């Protein structure tokens, strides 16, 4: 299903080399000021050109097809598209015979019975995330007083991320990264344990972003190695603030007044200039595969804003949902 | 929302000290042989008594209220309940004044405006997971040829899990753990990138299980430290098998023919016999909180089958969904 | 799918001769005063005994299994069951060979591959609507200031409904009826055109009630015979009130400030004492079928409160949804 | 919510005078042959020009933005748009002061807090149904062996529909109509009673089409006036065929092997050349309102294919859902 969200709903569509990729948003409150320029900053964070990123240049000005009137959202479905123009199909080797390891060539072929658009990774391309970033821009406008801060903690285990990316790029290699998203200013009380915990919803959206291998909150995997006595995290304020936020912002699936703190493991890109050995499905023999095209040495550099958008989209939905949590009429008086 | 799944749908209800906890399943294919005894083995894995677990004894024989006739599922909604009988309310300190750190006392109070049932953690109790385990039993019957293998890799960083649990228990402490679920025999082609990747769905369900702090697939967080050249995972068989299954069973959100391999970080239980310092909301002062009741030293020992059930429930839904993926009529002839 | 609603969600389960029928509600705001007695009045309206209804007596006191604490809803899923006790299986002729015309014997057998519970019509029995009525009781508590008025306009074309029912009963026959539900006090602005119009949602729920053959709003089918000039319905108040409410309460799928006015056509019960000729699937020959058991001469007498409950359940969801419609943060200030 | 369907999902977007209207389809099986020309016939049925219809001419060639490769569906989301070009804004009187009776000017203003696009009725315009018709074209390709036959039974009570439409047009008036959709060739076993009956789903979609006031199946509202003995409809074939199909194709919410037979009441268009008296919200006085623009004398002439598309879209979803109904693995062998 291509939709996430219960009130603020986001649907993506598009193939990398099709006419356009895009996104439809529903449940956007009416009256929100919005213009194509508003998307520029976050799309720039996603754009090619930075060290360690591919040099495919795409016009990043979206066209808004619906849901906007005189500069404000109408409250009706908002569809926004990005035309695909800068495509060089010849960069990609024949994929039917030799599906690329680590890509969705094989899985997409099974899932879509061989009818998927293979060009530029089709619907699996990172290109499709342009729509998610756009959705994130709108979502953030629905989160006044909430700040999302995203940073790459390390690449290949090195805290000097740019250096690690450069080394990988020069070697024709790629490197994974650890990304952190911190969300400040969320109210307590969002989410519910079975089955809409805030961590679960966010993790669900994050795993949609290509390249994600793990998601953790607060202490994360370190909690598996802790004792309860050391894991202790007393509440220190009536707003729910705790001493060290070991939970990363939620208890029982519900936000607890601390920053929401999530870390995401992004794998190294599978397309590298160095040859890889893999199966030729036609001959049945192992073969050398070189993918000479455009490669990201550190995809996390571009993916960071996408991961942030995924979080924002989920949180905007929770904020709207929370309006339905209020006590019953006879209590509210 | 309390429902997970699109075809095979699971809804949980219940409070720890209410009349009953239970689960409703919908989309269960008709004709499945089912009986209350079928739940015994997995419920036993969840039951108290093992070293390091609480000694609350609950009758684990579910009562099936609907959806079953002459020992076979009818295909209509199947509701199954567990009566709550072994409750000792006096085990729990007054929670309104001093919400327990690491629990959902505070967050539940915000979310439910103070009207939540606080006894035995109410709807946040691990007791509610009995229904999820039951759902997992049914789900596994819908996964012929698929085997789920769950094991605790380490507790508190120690591969001798039982020893670590015992030490914690004796100290009145608790210990976290790392749990692995390996799923063999899944077909390739389940899931889709935006927004129903198999990793995202499973992670979403796993984060509903109390105590989960992180979820990773395949290389997981180690991938963040890898280079592409070392991360290389060539396809070695026409069934999609790869050399080392670094992706943990999926590419582009779609199962790839390898085992699905997920690891879950479970935090140490927050209720321990050792006193904890936390805020008294009434006085506004920090106070010592002791929770003398029944505590799990290593909740992962009981949670393992719950985590396995969460995976099974998602996969059963994907298996049924996959029946709708087939090519269009004019292709199928 | 057995769930209706997006925020206030209702799921039914149960077979007529199974252990119990019931309902689970989710999205119920916390703090609502609720007790088993609250269901008595509407369940009585549904109960047997009135002229023209069957004389199956069921205890109508529900047992609330979850979601209630100290007399108020907790905000967590609320499950409520009705035990089945007064069943006389032998009333029903063998259905596998001779599926009853007008019933779901044949369709249920196809849908559920022959594994449905056939006793007392199983999951198709009007018994299952007890849960819907209960859901309606809760829903109405979420509609302060809103009044639902339900009446049977005619039975068999006769405005003296009781007389028509009596005549049918004495003849061993049954009679259809036209039921009207009028809803006063709804705010304008509920619903949206594509794809959640208030009429569509309500009609969807109404067609779930056994025996419904048609649903119309306002002028209804009479509008098909009107001219625009005669259909004219000027707005006469700033609250949206119109002159004659020809639309029945909504325009463009959105409530318009007038009473919501819906009429439902209920067919005559298909089980009658008079023999009917139908196919014997075993012999392949037409045969006489007598269903000697308990029959409703006018099912609308019992169904009226069920139809009302269906409306209430939809409207409660719309009322909660409407909380998410408010203008964007920067407008609200 | 702007999406209908559980597997085959349809979402509409667009305003009448915005850049484009469109539709996104998800769950379309891969490999379906599809081209822009395929939409021509049904879009022509919807187009202006026929007697009694408006003379707004819109290019009806859709642009397919995604989900298609080499003439076949990819199985990924399929987005299709119609550019809006032939708009004459000056046709519409100021609506803020004098909302038109029978339109969604007032209700849209409440629902969208005054931020809706008012031009050409914005998101409430029949223009938006172009996307629904396109969805219907695809849906019908997923219904091999199924034929949908739509006809206008009467307009203004007159079986000579064209004559009635012409009379109304000449008088500057409009006329309502009764539309029938008959679906041949559906398998039995689609749908389920609580809460996805086939009649309920279809009615829900039909009420999204502007102008619909009532929906009935089979005997419809006539059933309210029948006796059981006369309503008798014996099964006459092992495929479930009945003698007179009084149920209109379903029992217990499940298709029964007969034609699905639904009739829809369409109101007369509210915009007519004759002046109407209604409230001026600015002055608080009743005023004469003339809407001189382009009017349909009989909107059913254009709406018929839209109603048919609504049915097709629902049925395509049911056909795909039915693949998940099969008996459990241990039964299937």
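Labels A, B, C and D are assigned to the chains in the order they are written; within every chain, residues are numbered from 1.
The rule we apply is simple: a residue touches a chain if its C-beta (ideal position, glycine included) is under 8 Å from a C-beta of that chain, and two chains touch if they have at least 3 such contacts.
This structure is a prediction, so every number in the text was calculated from the model and none was measured.
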Separation of chain B from chain D in touching-chain steps, minimised, is 1
Chain pair with more C-beta contacts, B-C versus C-D = C-D
For chain A and chain C, let me know how many angstrom lie between their CA-based centres, rounded off.
-> 43
CA centroids of chain C and chain D: separation to the nearest Å works out as 25
Chain centre separation in whole Å, for chain C relative to chain B (CA means) | 36
Chain A, residues touching no fewer than two other chains | 1-3, 6, 12, 27, 30-31, 72-73, 75-77, 111-113, 115, 123, 192, 194, 325-327, 331
Chain D-facing residues of chain B, complex | 6-7, 27-33, 73, 75-77, 141-142, 144, 192, 320-321, 323-331
Chain B touches which residues of chain C in the complex?
-> 1-3, 9, 11-15, 18-22, 24, 26-27, 30-31, 63-69, 72-79, 81, 111-117, 122-123
Would you mind writing out the residues of chain C in touch with chain D in their complex?
-> 1-4, 6, 10, 12, 99, 101-104, 106-108, 110-113, 115, 123-124, 128, 132, 154, 156-157, 168, 171, 173-178, 188-197, 199-201, 203-208, 210, 212-229, 231-238, 240, 242, 246-248, 250-257, 265-270, 272, 274, 276-279, 281, 284, 286, 325-327, 331
